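Presented below are the structures under discussion, each in the form of structure tokens.
Both of the next two complexes hold subunit A, though its partner changes from subunit B to subunit C.
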Partner chain A sequence: MRPRALIPILYILFLLLPIYWLVAMSFKTTNEILGGFSLFPQEWTFASYRTIFTDPTWYWGYINSIIYVSLNTVISLLAALPAAYAFSRFRFLGDKHLFFWLLTNRMAPAAVFALPFFQLYSAVGLFDTHLAVALAHCLFNIPLAVWILEGFMSGVPKELDETAYVDGYSFPRFFIRIFVPTIKAGIGVAAFFCFMFSWVELLLAKTLTAVEAKPIAAVMTRTASSAGYELGLLAAAGVLTIIPGAIVIWFVRNYIAKGFALGRV
Partner chain B sequence: MKTENQRGWLFVLPVLILVAFNALVPLMTVVNYSVQETFGDNLFFWHGVGWFEDVLRSDRFHAALGRQALFTFTILLIEVPLGVAIALAMPRKGFWVSVCLVLMALPLLIPWNVVGAMWNIFTLPDIGLLGYFMNHVLGIDYNMTQSPLAAWVTIIVMDVWHWTSLVVLLAYAGLISIPEAYYQAAKIDGASNWAVFRYIQLPKMKRVLTIAVLLRFMDSFNIYTEPFVLTGGGPGNSTTLLSIDLVKVALGQFDLGIAAAMSLIYFAFTLLVSWLFYTIMTRNEQ
Partner chain C sequence: MTLELRNVTKRVGADTHIHETSLRLEPGEFNILLGATNAGKSTLIKLMAGLEKPTSGEIRVDGENVTGLSPQKRNISLVHQFFINYPHMTVFDNIASPLRVAGIPKSEIAGRVEQAADILQLRPMLHRRPDELSGGQQQRCALARAIVKESKAIFLDEPLANLDYKLREELREQLPDLLAGRGTVIVYATSEPTEALLLGGRTALVHEGRIVQFGPTTEIYHNPANQLSATVFSDPPVNLAPVVKRGNRIELAGGHGWTVEGAVAAIPDGAYTVGVRPHFVSPVPVHERTVPIRGVVRITELSGSESVAHFEMGGHVWVSLSPGVHAYKVGEEHEFYMAPEHCFYFGENGDLVIKGDADG
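Right after this comes the complex of A and B.
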């Protein structure tokens, strides 16, 4: 093994340490956690996990999060696909300005928009629905999806479109049957990033929900403050939020490195 | 070559409607608050640019902006070189690439409040792994709730932990796009490792690194959840970054006018810096 292989290994160890500690905490009893320091759980307990899987407030938190994240990914991709096609194939009035304006929406601090978002979604009667969070997350996910997809689409030669028209394909049929399968790697990458940014965002998700669509992150904050010092429970809930992300990474591992690189700014 | 086609607007329409709904309505609400004064009962009075003058003159805003600039500058200075170094040392092909990528991407997919909570548990003075190690093994007095220095070091290390992988992924994507022939040519010319980095790898990574710096600048400048969960802005005001201060003003004291004026100045500042950086970095292209 070459000595420079040490750098990634050390870095990965640094990344895993806090995660290990979270996992270790989730298997300890409250007494053991507060009683002192121990590197491994001395007395393994699954009590924290049992609480989460049997209490509806807890497991509905996960279901709610998964619902709005999936909904957001679908909406973002459906809207971004034709737009990205237009940016990669056509020149139209104001296209460059529009593209830059879309990207500026990533720069607005979410903390700024929390209150106006609450008022806007209350006014249109969507407050406390999964749709509200899914639509609100479009603010930063659609620009990102357009950006990534445009990069992938620009890599497909225009001859593909022309050949299809010569063969008598109509535009919608060409787009769905030929074009979409050609850039499916790009769609995978865009879906990954939409999932990621919607899954990790908390401020807007918390602001726009109360009971019915409450995300897991909000359930955790409430527990952290009301149930006192139940660190084991908090740790177990944290561990469970890492799992969906880890599954998604495993599926797109061959594409993530390419995702940002192919887009243009 | 792109064709001139105004039908493009039709294709862009759904995106335009969705983003405009989410961006313009809240932005106009904020603009609205920023020029009005209220005394309760939903009665609003025209206040002109008064709030903007107040914010620009307030010491509190200057202090928060200063802390924010220091934070963003420090994490960029650590994360970008570190990310490039790790990407350079990573294997180029084989099984270990997947393992590295999956493990490195893990912090990016953890909800931000969980990141804060995880680091809180990790650094608790007597029962956290890092806290215990610092206090009882190294004998350094380390307690975030008392020492501003400890709080600062911790939020910076947490951000490095959370986001360096994004720089690694981007830099790595730039590196694997370099054709093997470039390296062979450099070998024939007897180029040193430094020359290969300076004249082949760095120029090829320029575009992805521009994206990395822009994303890290925008996101770190807007950071809220992680430091809020970890330190709550304390001890005192020592880690009250801009977003945390903004939320304190808007929701804690309910000074909507000042909060709105602050947001707009904040937004304009982010926009200006991003635009300047982007223009300078892409000046020599085409």
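Right after this comes the complex of A and C.
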């Protein structure tokens, strides 16, 4: 092996170290974790995972998270598809400013919006619902989806639209039957990013929920309060939090490569 | 059916894309829109197809006003310069799509798709997707989609421009047979004068949003109505230079000149602009009657079996196009022979006054 190959290998090991540590911890007992340095679990235990999969407060955390993340992804895409089409196909007053303004939404820290959202959703009775979190996450996911989809849509020549109209397709029929399948790679990429950003966002999700729609991130804080620190349990919950993201990445990895090639991701 | 533009204009913001235009297109033969890039050919096609609305004027089909009618309701076909197919559908589904949208029964669709595919030699590719086809096959798929339905008009917007030379020739030869005898109005946009001549039919010369001349292709090639018309319908552009006519003598700058007889001699004395196509200016006297002219060679090109020389003569750059390979020395003076019988004489307003005795 050439010595040059060592550099990326070392780098990848460095990146994977915390993940390995998390996985190793999740199979250790709390005593072993607190006991000192050990590279491998001395005493393999699945107790932490068993707890998560049997205790409803634990697994409902995951289910809640998945519900609002999926809901958010669907809402974001449904809103972003027509918006991105308008930006890519039409020139209208202030279109460039509006497009840039959408992007700046992406830059605002979620903390700024936590308080107004909390008050607003409490007032209209949306507090502690999946929809509340899903809508709150639209704040940054819709602009992102519009931005990504606009890039893919602009890569499709306008002549495709014209050809379809001439062939007799009405606009809705063209959009659903021709246009959406044509940019499905872009939709995949946009869905992936919406999913990921909604999945990892904690602050709004925790602020806007109490019991019914409590996300996994909020459940995880429990371990710190009850019977001391249950680090093994926390680590297992952490591993299970990474897995959905990893699965989604696996499915859309080719699309994302295409998205990078188009220069919009 | 007939397709008619009546006083159509198209403005976008402050720009006028199409100046007031009236045009009447008949079915059966090719109606060629010939003009440079951005001349307004595509805009004219979009207006005729209903993809864009005219700012003023009317578009009539068989005398009926269709100006406000959407393209979906006009029963037309369109082939673009880029190979536009529905990327997620197979070739079969692509060709079938206009029929399916029109609600034609399934039993009929398969037969018609196969018939169109046979005409365009796409039978073996019916189950492939467009991105698995070559450029020529992709464009043939787009053509098949255009001919599969019985449309009232077929618009072809530089359909061969993105194909390589061999495929272009092949498809160009097939096109007239393919589209003739359908009773549809055929509109074909191209930027190549040679293509217009090869396809025949009628040609409309488009220049900066205006139709300069419209008529049978060969006729307007031989009888350009004005200087602009001769320029647009010539590649390389027609050679122009000011001349002075005195009696039966035509004086060209640089002491060159020739005598004229008959009708040409009868036009009033004065200043004219002479136009002569590049292939009537050759380095050897090939035409029956020639006038020697001298010029300094500036640029030379060899295109296939033809030699092109740009030479400067009395402050005007002229182009000579001749068969065979000629050795020019750039920067040196060469003798060329032009054929005065093939000259056009344009008046001061640019309109054709008279042309030389010979046809062409």
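Quick notes
Basically, the second predicted complex is superposed on the first by the 246 of 265 C-alpha atoms of A that agree within 3 Å, B and C clash if a C-alpha of one lies under 4 Å from a C-alpha of the other, contacts with A are read in each partner's own complex, and residues count from 1 in each chain.
Here is the rule we go by: contacts are C-beta pairs under 8 Å (C-beta built on N, C-alpha and C of every residue); 3 or more make two chains touch, one makes a residue touch a chain.
Note that the coordinates shown come from a computational prediction; the quantities given were computed from them, not determined experimentally.
Superimposing the complexes on subunit A yields a three-chain arrangement in which subunit B and subunit C fit side by side. Touch criterion met: A:E159 reaches subunit C, while subunit B stays clear of it. Looking at the superposition, the partner that touches the larger set of subunit A residues, subunit B or subunit C, turns out to be B.
Within the superposed three-chain model, A:Y169 lies in touch with subunit C and out of touch with subunit B [touch as defined at top]. When the shared chain is aligned, subunit C comes close enough to touch A:T182, but subunit B does not. By the touch criterion defined above, A:I63 lies against neither subunit B nor subunit C after alignment on the C-alpha atoms of chain A.
Within the superposed three-chain model, A:A136 lies in touch with subunit B and out of touch with subunit C [touch as defined at top]. Using the contact criterion defined above for the overlaid structures, shared-chain residue A:A108 touches subunit B, although it does not reach subunit C.
For the combined arrangement built by superposing the two complexes, subunit A sits at the apex of an angle of 90 degrees to subunit B and subunit C, based on C-alpha centres and given in steps of 10. Closest contact between subunit B and subunit C, by C-alpha atoms in the overlaid model: 8 Å.
In the superposition on chain A, no residue of subunit A contacts both subunit B and subunit C. Here subunit C touches subunit A in the complex through residues 46, 49, 51, 70-72, 74, 76-78, 80, 82, 84, 86-88, 97-98, 101-102, 142, 145, 155, going by the rule given at the top. Subunit A contributes residues 157, 159-160, 162-170, 173, 178, 181-182, 184 to its touches with subunit C in the complex.
Per the touch definition, subunit A reaches subunit B in the complex via residues 4-8, 11-12, 14-22, 25, 33-34, 36-37, 39, 75, 78-80, 82-83, 85-93, 95, 98, 102, 104-117, 119-120, 135-136, 138-139, 142-143, 146, 158, 196, 199-203, 216-217, 220-221, 224, 231, 234-235, 237-238, 241-242, 244-246, 248-250, 253-254, 256-261, 263, 265. Across the complex, subunit B meets subunit A through its residues 1-12, 14-16, 18-19, 21-23, 25-27, 29-30, 85-86, 89-91, 98, 100-114, 117-119, 121-122, 126-130, 132, 136, 161, 164-165, 169-170, 172-174, 176-177, 207-208, 210-211, 214-215, 218, 221-222, 224-225, 242-244, 246-247, 250-251, 256, 263, 266-267, 270-271, 274, 278, 282.
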